[in-house]
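Pasting in a structure now, in structure tokens, and then I'll have a few things to ask.
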Amino acid sequence: MENLLSLWQSTGIYNFTGGQAFMMLIGFLLLFLAIKKGFEPLLLLPIGFGAILSNIPVAGIAEEGGILYYLYYGIKLGIFPLLIFMGVGAMTDFGPMLANPKTLLLGAAAQFGIFASLLGALALNAIPGLEFSLKDAAAIGIIGGADGPTAIYVASKLAPDLLGAIAVAAYSYMALVPLIQPPIMRALTTEAERKIEMQQLRVVSRTEKIVFPLMLLTLCTLLLPSAAPLVGMFALGNLMNTCGVVERLSQTAQNELINIVTIFLGLSVGSKLSAEAFLQAKTLGILGLGAIAFAIGTAAGVIMAKLMNKFSSTPINPLIGAAGVSAVPMAARVANKLGLESNPHNFLLMHAMGPNVAGVIGSAVAAGVLLSLVK
Amino acid sequence: MTEQMSRGIELMLVGMGIVFLFLIMLVVAINLMSALVQRYFPDGPATAAAASVNAGGIDKSVVAAITAAVHHYRARHK
Amino acid sequence: MENLLSLWQSTGIYNFTGGQAFMMLIGFLLLFLAIKKGFEPLLLLPIGFGAILSNIPVAGIAEEGGILYYLYYGIKLGIFPLLIFMGVGAMTDFGPMLANPKTLLLGAAAQFGIFASLLGALALNAIPGLEFSLKDAAAIGIIGGADGPTAIYVASKLAPDLLGAIAVAAYSYMALVPLIQPPIMRALTTEAERKIEMQQLRVVSRTEKIVFPLMLLTLCTLLLPSAAPLVGMFALGNLMNTCGVVERLSQTAQNELINIVTIFLGLSVGSKLSAEAFLQAKTLGILGLGAIAFAIGTAAGVIMAKLMNKFSSTPINPLIGAAGVSAVPMAARVANKLGLESNPHNFLLMHAMGPNVAGVIGSAVAAGVLLSLVK
Amino acid sequence: MTEQMSRGIELMLVGMGIVFLFLIMLVVAINLMSALVQRYFPDGPATAAAASVNAGGIDKSVVAAITAAVHHYRARHK
Amino acid sequence: MENLLSLWQSTGIYNFTGGQAFMMLIGFLLLFLAIKKGFEPLLLLPIGFGAILSNIPVAGIAEEGGILYYLYYGIKLGIFPLLIFMGVGAMTDFGPMLANPKTLLLGAAAQFGIFASLLGALALNAIPGLEFSLKDAAAIGIIGGADGPTAIYVASKLAPDLLGAIAVAAYSYMALVPLIQPPIMRALTTEAERKIEMQQLRVVSRTEKIVFPLMLLTLCTLLLPSAAPLVGMFALGNLMNTCGVVERLSQTAQNELINIVTIFLGLSVGSKLSAEAFLQAKTLGILGLGAIAFAIGTAAGVIMAKLMNKFSSTPINPLIGAAGVSAVPMAARVANKLGLESNPHNFLLMHAMGPNVAGVIGSAVAAGVLLSLVK
Amino acid sequence: MTEQMSRGIELMLVGMGIVFLFLIMLVVAINLMSALVQRYFPDGPATAAAASVNAGGIDKSVVAAITAAVHHYRARHK
């Protein structure tokens, strides 16, 4: 008899809190967005599922003794995001960027979104009830980096409590890039500018591709060692791919290893989507600021491109500036799409890949600045 | 304006400054490097293998093997 | 000189205990069964090898400082069995079950073996020298679930000392299903019943396959959250496979990841096959009760199928009831084989896959009950 | 009969009860779900890809690639 | 303002120590050797990169909180080298050795290099400033085993401080085998001896290949359990491959798993290349002794082969003795190459593979002796 | 000669002794085993699958599948 009673008292129905129920719905929403809307499914599916699992009453899957509790150590110790970054590095081709280095500046300008939304977060403190510390603001700003692993890495160091919301915002807005960017790009460019055709890119030699990641890491070491973990693992992955002598390691890094870590990382991030942490005014602030960050980053990139087009010897289509926010490769595809709309013979994809990957470096650098100055 | 706000603005100025400084120096370094490499270590264009994102999660070496298998077959059945 | 002496004193011959020697023979026996007899080689080979390694004198491979000691944490923390379960979920097709849901009841009935052998274990306490606690009994009973990861997960929580024997029994009897089940199935069915042909199953839509794992997890959350870790990871794997948008994660979960974890899990389980833990009357009890559990589970499934056949609108061949014990896919194949013996045109395989996978859910539910009530 | 035995029997009754309750509710839920899906979201049968146990440890995507390669070859050599 | 200052004070330029700069150059040198010279790239690339990362000032990538600090636990606990050894076992074919077992003695003789360089290390203590403990000497000697995982495993147990230098020496000299061995081999053999053709090897049955790893482990258990972790994991990998019933585990062990662990192991080894540990007279000693170890091991193998050729019924080409140092498969290829120089119809590769894999066993045995006697 | 040196020499003698002892016993064991196996369990030569180093990191099962695909294709298009 008391078996039945204790069993009833151990059901979810008996133990559900409103918060848990709501967070599980958030989890299902993320699954819906991932599966039906195709929002970054590789990340949002595990994240959404992690949110569901960690909010199941009684089970305590995200508490000590539960699998998500232990998987989370991979984020806490900074291992998972760096391994993902290594895999991304192995999948990245710097050829287009090396063929037209000045497009790196577009990747710099677009990081303005990071710092603008950082300021925005601080400004929101004016609203009673909102209380963003400088660390919180920095972690929120990095959403504007439009780069998942970087955002998770920084958030796990500066504001673990906001990690869930920040990761969700980062990946959601990356998926929304095709909706967020075009209006801004159209608003800031003339039809004539969008028609601009760019010169065919030169072919980049293998040696250059091998030397580049080492050069990047060296520069990072000299100027901004606080960015070295991110830049270093990224460079390692890229070198493994370009050097051509460790093909089996490169393949594993960009396939099985990154897949395994992606599953674990997603679940662990989801485990941070608890009611206490997520159901706060802060979260709305984060979502709002994230959108602003993407918008401002896009605008800054486009404006920078217009400027450069003025002074550059070779023509630059301002649309590719928007790719500077990273969000590889969606942002580059968006630039290509808008280019084709104005001029059916104008293929900007390769030209946009330069600023696109430059944006990854740019946000890693910005992350380094924040990690070294925000204490 | 709050002290925090001013720190934020300073952070923005310094931050964007560093980002630009870093990437500008990278541009310079790349131009230098490319010049040197093309001058002293010309090795022809990068192999397709070394480039491009590996999307489908299916092993390049596998694709290679398949292509090989099919080519080899084609060759023998001309 | 004292070098030679200390060397002699560090040889296995000098240090062997009878128990270690015997357990190494058990290990070799398991390897023989795995390699020559094809008994669940993927698990029994690593388990057998783990048993050999952990019983090598002096080396201390299963003690602090040894690799098996550290690998075992993957079981202790419940990580390995759950990752295997995720992979199994990704390899499972619920189509046949969704096409004929009432066969789920067969998967319920067959779990009777679990509770019968639980009682059996308690009854054995009557024998002087045998001393099974309720936790022990529950862990032993779960062998009747005929599902490896579930048995290991439950045993690691309720009776770590019996883990080795329980895992060995579970996998051995799964391999013996083609020997254990047929006599029972023949004894309980008439030739006429075995001849019964079942209706062609309808085709199940992809949407249903995507919704099902989420529905399953929701129900588990509401009724029996203590089963959520098992059911949840199983549902995650299944969703990754059916949703179709994270194919690379699904492939990794059902190939490289499950392979890696299988090696580690097997070795760690084997490391629990120490003389102190295994060379006890208890072990004989476990082996005996495991066989009983499989037999009773099979019988219960068949009898349930006969009942349902009486009242069901569409004919149900009682043979498929035996597949309810899970032991995927052997039990389903056995049902198919016996069906063909009686009627060469009667292919029951797909019909038996329904109760077969339902049995996996059934034993996970039973595991949840035991984990929440046996404290 | 020992107190332990009686707990065991109670456990059996409760346990089997829950297992049946759970799976019966699952049957109901599935029937409901299938009805709704077939009514409101008919999307044709599941793709083979989404089904079937992956036995040999060999990647579906690989098999796909091979099939593709061979088909493509066949197509070009009619 | 103080932002800028603190930022300047956090740059690498500001914080660089001479030692770090030098070690980073060592790292780049290793990358150069790996990529341009093809020196064991699978290991030396990650090791070199690890050296660079761990010597970046401020970042502290190899200190608590940094990824290399945590990855190093895989070596500290002895897990990584053993997993690599398992994978190597799965990739090893003992066929040629089983077809001509007496070649095992060549694998024994070649281990003389290990003990000779051990003595050499102790002799160097005569030089003021050099201070090798017996443990140090043993760890250095194992370089002569010409087997990476074994060297790393032993060094991590006996002399963690020397791990970096020892691993670098071991892999570098393995890569240099084609330069180190030929002169020694020519000096110790006559043209006539190099011309010797050997009898075609018999075909070895699958059963023999399945039984062998178990026999090897049993012998190791009886005689030298301290070698059991190495020999055991090697035997496990080999058995998984030969038994044929766990193909998917074998494939994973020799591909994805070994690749993942290789990346982690290489980075962790590199993280031990710190200025304090590496910039010492000891390191020069290690590099020197390593070369000596390879040379003496090669010589011992060749001389043993000449002896055996005298007394053996079937002819033995002394060149294959050099393959006894292991360094699989380079040493075997070298023997084959020199054989072809003297006699274009004389293919020694398969005959040299026997002593080559025997050398792996030989160095594992030697490692066991050192681990059990040097305390 | 230092005490350490003498320990080292002793270590060398013992060590090489053990190495030879171990491998000689292994030779004996192998000869015995091979004799027994060939006498009582003759099973024909090892399959290629069971042998050879897997270099390229590409799955034997994949190669098998490719070969199969191509063969099968060839068979159907004689």
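Each chain carries a letter (A, B, C, D, E and F) given by its place in the written order, and its residues are counted from 1.
In the analysis below, contacts are C-beta pairs under 8 Å (C-beta built on N, C-alpha and C of every residue); 3 or more make two chains touch, one makes a residue touch a chain.
Please read these numbers as outputs of a predicted model, since none were measured by experiment.
Using CA-based centroids throughout, the chain positioned farthest away from subunit F is A. Remark: among chain pairs B-E and E-F, E-F carries the greater number of C-beta contacts. Note: centroid distance subunit A to subunit E, computed from Cα atoms, is 41 Å.
For this pair, subunit D with subunit E, the centres built from the Cα atoms lie 48 Å apart.
Once the centre of each chain is set as its mean CA position, subunit C and subunit F turn out to be 34 Å apart.
Subunit F has residues 11, 14, 18, 56-57, 59, 61-62, 66, 69-70, 73 in contact with two or more other chains.
In subunit A, the residues that reach two or more other chains under the touch definition are 3, 7, 223-224, 247-248, 251-252, 255-256, 259, 369, 373.
Of all residues in subunit E, those touching subunit B in their complex are 1, 3-4, 7.
Subunit A meets subunit B in the complex at residues 90-93, 95, 98, 101-102, 104-105, 107-109, 111-112, 114-116, 118-119, 122-123, 125, 134, 137-138, 203-209, 211-212, 215-216, 219-220, 223-224, 241-242, 244, 247, 251, 254-255, 259, 329, 358, 361-362, 365-366, 369-370, 373-374. Partner subunit C is touched in their complex by these residues of subunit F: 10-11, 14, 18.
Considering their complex, residues 2, 4-5, 7-9, 11-12, 14-16, 18-27, 29-31, 33-34, 37-38, 41-47, 49-54, 57, 59-61 of subunit F touch subunit E. Contacts from subunit E toward subunit A in the complex involve residues 3, 6-7, 10-13, 15, 24, 28, 31, 34-35, 38, 41-42, 45-46, 49, 52-53, 56-59, 61, 65-67, 70-71, 255-256, 259-260, 262-263, 267.
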